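Each in structure tokens, the structures are laid out below.
Both of the next two complexes hold subunit A, though its partner changes from subunit B to subunit C.
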Partner chain A sequence: MSKLVVEELSVSLEGKRVLEGISFEVDTVDIVGIVGANGAGKTTLLNAVAGLIQTTTGKISLDGVDVSQLGPEERIRRSLGYVPDGPGVFRSLTVRENLMVGGMVRGDEDIEMVITLFPDLKNCLSMLAGSLSAYQRRQCAFGRALMSRPSLLMIDELSLGLSPISADALARTLPDIAAYQVGIILVEQDIDRTLSLVDRAYVIEGGSIVVDGSPGELLSQGSFVEKYLWGS
Partner chain B sequence: MLFEYAVVAGVLFGLFYAFLSIGLNLVFGVQRIVNLAHGDVIMIGGFASWELYYTYHISPLLSVVLVIPPTVLAGFIIYRLIDGPLSRAQDPEMLSLILFFGVSQILEALVTIFLGNNQRSIPDSSLVHGPVHFLGQSYPGVWWIVAGASIPMVGLVILYLYRTKLGTATRAIMADPIEAAAVGIDVRKVSAITFGVGLAITASVGAIAPFMIGGVDPSEGVNLTILAFAVIVIGSLGNIGGTVVGGLIFGVAFELAQLYLPSWSSLIPYVLLLAVLLFKPSGVLGKRVRSA
Partner chain C sequence: MRSEEKLGDIPAKSGDRQMTDKGQSLRGLGSLLKRRNLKDLLAVVVPVVIFSLAPHFYSNEILLISIMIYVALAEGVNIIYGFTGYLPFGYVGFYGVGAYATSLAILDFNLPPEVSIIVGGAISALVALVLMPLLRLKGSYFAIATLAAAEALYAIIGNPSLKSITQGPYGINIGSVYSSGGSYVVAVVLLGLSILTVIAVKRSKLGLALRAIKNDPVSASLSGVNVVVERTKAWLISAAIAGLAGGVFAWTITIFYPSAVFDISISVFAIVFALFGGVGTTMGPVIGAVVLYGLYSYVGVTQPQYFQLIFGAIIVVFVLFVPKGIVGLLGTAINRLGSLGQRQRG
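The block that comes next holds the complex of A and B.
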């Protein structure tokens, strides 16, 4: 049984259909990419899976349990982690408090796993998250989401606000995170980078998945390369 | 010497103003609820304290604590009623403004119907006998008692926010309610608790406010709400520590104005409010300008 199963998901925001008939599955230890242009509906899809917005139709299951009607806190409790595309940290809280808040749903404040993955954070635990560099802030955002010990982590824009070097450094932690039996859904605009990181990618366009497959399969399709890579 | 007197009085009143305003900031910070009935909750706390003193001879200092449990309960009930409409609203700040304007009017009308339109006061002797001498000046003893009671009450709110898990979750919601939901915080539950605590601390200050503002009457709510808004805007909306700074600035400015420009002093809340909004809209301690 897959960790996350999304079936025929549709979402309307302010009367406008943003997602239409989305279906996909993710298992723990999978790294799955969802790529597409700005405005394609990627963030909406993650928000819908996290329960932050209402879905119109369709079904979302975690570990075989239908969570479509549950609130976000119930879904996080069922080991879903989310690094949103916003700040990803509570700026007015210290790094340690950010991690604590992330662990609240599990009632555990053990930050060791996070410090092992992101040793840089160790020296700024008592700093306000708002005063961190963009790279440290992103690490803190990852740490905050990992504190609930998710078995599925959704990341909205890994490289958000980062230099290419920092983005690469953060990308290198993904296999380490996956090694903790964490499945990863990575949402990105940067298709090149995503294909180098994931086991499978879904391309979303106009609110629907138009093509999917392993990076090798996608790259062997001339039409895919022409449409999504040559232009970028 | 008069200057020193005004500054000391300003600090004493400033601590009281911080206590008077902190609940408004708490309620605003969490759910962006603009509680226009804030002053009316203080007024009800004042009448409760008056009633408890004259009927049961309970010290108003004890009433500061006694009014808390029933107000927390009332806060939960009110929150349950308004949570649905507010979370569905496109502009919750505006809706809360209108809702609580109505609540304010209703509370004032109900109190007037049941208790009459007269101002009532509690004698200073219920708290303390005689003045307090400090640095060669003599001050009403109640000012020191009320300021002294304000410190632990405000301190408790700050301790709650900064030293408890629930408080940390509350500050996370203040920072970003959507991200708080994204890490699994039960935003509704924590907001309901914060709303209850915010109202309770407000009723609580009402129990001793009559000593500082000359009594309690059903129509005092509006002015107290404006005063509290001035204090939290000066300090920074949504920043609880800022409320203390805002209270002290307001208290000292008001006392100095009473000394040097007595006929203008009642304009102080508005002048400070406008000055902050024009020159430092985020408040003295604020870093970011609010989006709304």
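The block that comes next holds the complex of A and C.
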């Protein structure tokens, strides 16, 4: 059974249909990418899966349990992790406190795994998250999300606000995270980077999945390359 | 690879280096914990000892009890406003309910005053539970809605048609249990308890969750924190403290009208004292209540209009510009001096 099953998901925001008939599955061994242009509905999709916005129709299941009617904190308890775009940290809390909030669900304050994945955080545990660099803050947000030991981690805009070097460094930790039996859903503007990281990608256009496949399959389709990679 | 990662690791501000330095100087976690324990211990012991001894030096016990009640109320406001950002202008409602519940427990059930005060706190928490939907509101809507709720409670309890139960507008008389020594002792207990509660909340997981929620409610729920449940806990604790404070007031005064315990200026005072001293801190509300209520009793009683003006100004100025109050200002000043000294030594 797949970890996450999304069936025929539709979302309307302020009367406008933003997502239409989205279906996909992710398992705990997968790294799955969701790509598409600005405004295609990528972030909306993650927010809907996390329970931050109401879905109009469709079903979201985690481990075979329908969570469509549950609030975000209940879905996190069912081992879903989410690193939203933007800072995603508690700015006026220290890094250590950020991690502790993340671990509250399990009642565990063991930060060993996070420090192993992000050694840079070790030296700024007692600093306020708001005083960190953008890169450290992003690491802190990852750490916070991983503290609840999710078996599925959703990442919105890995590279947003980061220098290409930092974004690459952060991208290199994804396989390490996946090695902890964490499935990953990656939403990312940079399609080159996404395709280099994922096992499978879904392409969203105008709120619907238009094509999906492995990076190799997508790259062999002329229309996909023309639309998303031409000139980049 | 390592060097690349370091390149990406650009400090956001020049202040970062200072903070790391400070972190290193405090590296000994043990000594840090001990220092925090000592600070918290002093925060409870010092006010309790001072107020326990105060009657030997100052004869106006009613004033001393009033100050202690205001410390408790300010700490109660601290718990709901300081930790969640919800400003409860109708906070007095819980105080009034506590005063009435305490009095009725004495009159109707012949319970001893000390037990009745606990009943008052419990009933106030119960009323807070009923008013829980108010927590769905935000900002000024919440402030206004709690104000309306307090007025509604006043209108119910002070209603002439409930004369057989609450004595309505004719007031309460529990003069038969009057005991100046007894009420002073429970006031000191209330003082200590309210400070202790803030320390306990601050140190607990509840405190951490509440700070996270205040910082960013969406990220908090994405960390699995149940925003509604945690806020409700703070709301109930805060209401219980106000109920206890109302009970202590009732036992101290023994004869009072509903207008005395549902007076909106009690809310305003508690909020002003908490803001002035510093919300989110342990000692801020204590300092705020002692300094401002002392000042008010000294000069304000003869010219209350100036104090309304001053208190109004304090709310505006402190909410906008000094969110951490006097204690926060002092803390910043001490930190600045500390890092200045460090730099000179270095």
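Here is the rule we use: the second predicted complex is superposed on the first by the 230 of 232 C-alpha atoms of A that agree within 3 Å, B and C clash if a C-alpha of one lies under 4 Å from a C-alpha of the other, contacts with A are read in each partner's own complex, and residues count from 1 in each chain.
Criterion: contacts are C-beta pairs under 8 Å (C-beta built on N, C-alpha and C of every residue); 3 or more make two chains touch, one makes a residue touch a chain.
These figures come from a predicted structure and were not determined experimentally.
Following the overlay on subunit A, a clash is recorded for the pair subunit B and subunit C. After overlaying the two complexes on the shared chain, residue contacts for A:211 are found with neither subunit B nor subunit C. By the touch criterion defined above, A:29 lies against neither subunit B nor subunit C after alignment on the C-alpha atoms of chain A.
Measured by the number of subunit A residues touched, the leading partner among subunit B and subunit C is C.
By the document's definition of touching, neither partner reaches A:70: not subunit B, not subunit C. When the two complexes are overlaid on their common chain A, residue A:166 makes contact with subunit C while staying clear of subunit B. Once the two complexes are laid over each other on the shared chain, residue contacts for A:178 go to neither subunit B nor subunit C. With both structures placed on the common chain, the touch criterion links A:115 to neither subunit B nor subunit C. In the superposition on chain A, contact of A:128 is made with subunit C only, not with subunit B.
Within subunit A, the residues touching subunit B in one complex and subunit C in the other are 50, 52, 71-73, 76-77, 82, 84, 88, 90-93, 97, 100-102, 104-105, 144-145, 147-148. Across the complex, subunit A is touched by residues 165, 168-169, 171-172, 174-176, 178-187, 287 of subunit B. Across the interface of their complex, subunit B is touched by residues 50-52, 71-73, 76-77, 82, 84, 86-88, 90-93, 97, 100-102, 104-105, 130, 144-145, 147-148 of subunit A. Remark: subunit A residues 50, 52, 71-73, 76-77, 82, 84, 88-93, 97, 100-102, 104-105, 120, 123-128, 131-136, 144-145, 147-148, 162-163, 165-166, 168-169, 172 touch subunit C in the complex. Touching subunit A in their complex are the following residues of subunit C: 1, 4-5, 7-13, 15-16, 19-20, 23, 26, 205, 208-209, 211-212, 215-216, 218-227.
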